[in-house]
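Structure in structure tokens, see below.
A, B and C label the chains in the order they appear, each numbered from 1.
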Amino acid sequence: MDLTPNKLWIRILAATAFLFAAIAVCLLIGSVPVSLFDALRGPTHDGQSNIPYEIIVHYRLPRMVLAAIIGAALAASGCVFQAILRNPLADPYILGISSGAGLGTLAAVLLGWSWTVFGMSAMMLTAFAGALATTWLVWGVGRAAGRANITGLLLAGVVVNAFLSSVIMFLTSIARADQVQTTMFWLMGSISEMQQVEVIAASGLLTAAGVGVLLRLGPSLNMLSFGADEAAALGLSVSRTCAAAFAVAALMTSLAVCLGGLVGFVGLIVPHAVRLVAGPDHRQLIPVSALVGAAFVVIADTVARVVVAPAMLPVGVVTAMVGGPFFLILLVRYMRNLHWQVK
Amino acid sequence: MSLIEIKSVSFAYGTQKVLDKLSFSVQENDFLAILGPNGAGKTTLVHLLAGLLKPQSGRIQIDGKSIRAYSRAELAGKIAMVRQGTTPTFGFTVRQTVMMARYFAGGRNLFETRQDCAIVEQALEMTDTRRFADRPLHALSGGERQRVFIARALAQQTPVLLLDEPTSHLDLKHQIGIFELLKNLRHNERKTVIVVSHDLNLVQHYAEMYLLLADDGRTLYQRDGGGLPAATIESFFGVTGVEGTLAGRKVFVPTGIADRHNGVQ
Amino acid sequence: MLNVGETTGDAFKRSVWVLAVMSIVLLFGCREQTNPTEPVADGAMRIVSMAPNLTEILFALGLDDEVVGVTRHCNYPPQALTKPKIGTFWQPDVEAVLAGRPTLVIAEDFAQQRQLTEQLERLGCATLTVKIETIAQLYDGILSIGQAVGRIEQAQTLISRLKAAQDVLQTSIADQPPLKVLWVIQRQPLRVAGTKTFINEMIEAVGGVNAIGPTVNVYPPISAEDVIAAWPDVIIEPANMPNSREAQTRSAGEFYAAFRSVPAVRNKRVYVIDGDLVSRLSPRLDQSLAEIARCLRQD
């Protein structure tokens, strides 16, 4: 059961193949029936732009790539938060990121900001800023509670979450109905389409880099599963490693929230599913979860696009409806095995 | 120069003083036993030695260097700690657990080298845990898990082994086994062993140096082997008992609780 | 919830009694006045309007001094801006309403306003609830309000005028093929007016057809690909805030460039129009229809 470089590569390749297969299939599914044959005729056809080609390449493909990036970022971050907090129920939003992003978005909507930067709307950027700021706040409050104190961090998250939620409630009560609906819908997870190539490329690179860093931190995260003291006794600088992992995971989560709102359950379920199949070693868990998470969101997004066509469901709704029951099954299974009896 | 030097170390949890100006030293290749009743500060001392706690006053030096000057990784290369372990949140196997010791000890390679694997196998062999090497930790009994944590400490390959009640959950066979193992490591590999234990008789047989901590702040450091006098044991542990010699081994059997006011009953 | 000394049986009987009494009270205690037919004496009229389009109707019927309370969003006609405010459409302020000592409160048939009207009824104030979600309901509403405030003639004149305007438009486009209209109410995420809206009715009234097919949602969010599938001939965006019309027009070019293959964008038929006007069913229906028709007609 040792993890050799070869074994890891094989598993990563398998997961990548799964992701590509998912994208390939989902590219051909949508509210507009498109035949691959037509699309392959190229960008122009009979002097006019080839609609099937345009749909697949300019609409579906960028959206799939974004969905994959979001899924990868959330799944990898989920692994990290579960490891740092030693809590199998942790997800990327547990430390207040969701309410921070929500507040940012609501503020942008209430202030009537409709400017865009590089094609990214004000809502996206304020969500990003809100998420990051909240992370920083929670980390600061948690540290004040004690060096690398996990309980302190969790409590800080709960407190900040509660406070921000109350601010959101207040703003919601004075907002107009359409403003509230705008915010709510975006927050439920809607993968923004028509992002510029630069944005997609930059996000992809950032996420890949993040996953790479976390992979390198894999052995350290393994040690953290035994608790801060034990990890320290094995040689780990706990606070530095936690801070680094936390920062990377928070950045990736904020990026995901910026691009697609609050897509839930991915960061919670995918790490568990991958652990069930491939074991808890983070050197493997992180890259494979990233790839599986990517595929999951790609598929969920396709379902969201198609199930009430020509309308669209928020992606978060689909991930929740799939994730919820799956989580219940996981919970029952785990309770039976009591995997996380911490003595 | 002593391997480990404790100079006038005091530690308190909030206002509750646990250690008061404790001073002693540990030489290379010592087998030191730390003894005392509950709450006397044994585990606190272990944590201080492992660098997990900072004393409010006093100095701890390892190899002539202040413990504060060591990085986490450097310290883990000097002292391996075994204590009342926890089960990890996720289902790591025995082999994976022991392998974690090799990361910092072996140069932070992302993947374990062949040498790492050999060291781990040897550690598993020495603690008789090889036969369930592929089982997840939570599927073991408390005693089996304890041996795994000892194996992990061995895999760190440090000159000092610091063990907090390593045999508390073990059956008789494994209790002896572990102490024999420690003795061999001390003699064959010149390791320094520091053990906290409640098992007086085992300790008296294997250890050569004793540090007694009483819950009223008294300490006693004894460097000559040959066991502890009954009066000392009675005084520090608050019991009455009888001592004797069986097959050449010093034995102490407690017989009652000491009356504090009148001294020994 | 047993009281001291009660057995379960007693508690059960007690609950049944309470439920019975409550049901009787609820059954007989609620009265909803939806169609008061006697007009109130002229000089004593003090009317509060709970929605912008209701305010417009009151003023269109010739009332002005009689209107003593309007919502904060009532911005037409200009005289409405000077009237005392009684909260918003979504959150009416009961106290402000009562402070105006109204003889009649006119509300829309929405849950938030139902609570208000029930409260007012209990306090002895007359209310009139109208439901204006289609053009036909607009005409009915104008008539009901006209009857309630004693302006039946003016109501009928107004209705005739609007109907006439509608007919004119209807005949002028009778032989033209219907243009597909995409009505964008929000860009990010992209949301449009669906087939169940009054906007859809207005589009069809001027000879257009909704580019989006039937959907579950009333205002469905759609994906970029659905825009292609819709293949609209015309895109109409109501400016969502009074001052944002220019900004939206300027950014529309950049935003819709992503859909350059659809006819609406290719032929530069993207229009940003006055959102206030077209987002409510009001006596200015003729202006709304004219504005929409203008977008469809420009060639």
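Quick note on the criterion: contacts are C-beta pairs under 8 Å (C-beta built on N, C-alpha and C of every residue); 3 or more make two chains touch, one makes a residue touch a chain.
Note that the structure is a prediction, hence the values are computed from the model and not measured.
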Centre-most chain [mean C-alpha coordinates]: A
Relative to chain C, chain with the most remote C-alpha centre: B
Inter-chain centre distance, chain A versus chain C - centres from mean C-alpha coordinates, in Å: 39
Distance between chain centroids, defined by C-alpha means - chain B, chain C (Å): 78
Computed distance of Cα centres, chain B from chain A, in Å: 44
Interfacial residue positions of chain A with respect to chain C in the complex: 30-32, 49, 51, 54-55, 58-60, 63, 112, 114, 116, 121, 123, 176-178, 182, 185-186, 190, 192-194, 305, 308-312, 314
Interfacial residue positions of chain C with respect to chain A in the complex: 88, 90, 186, 188-191, 194, 212-213, 215-217, 220-226, 228-230, 240-241, 244, 247-248, 251, 258, 261
Touching residues on chain A, where the partner in the complex is chain B: 1-5, 8, 82-83, 86-88, 216, 218-220, 222-223, 225-227, 229-230, 232-238, 275, 279-281, 283, 337-343
Contact set on chain B toward chain A in their complex: 47, 50-52, 71-73, 75-77, 80-81, 83, 85-93, 95-97, 99-101, 103-105, 108, 110-112, 117, 134, 138, 152, 156
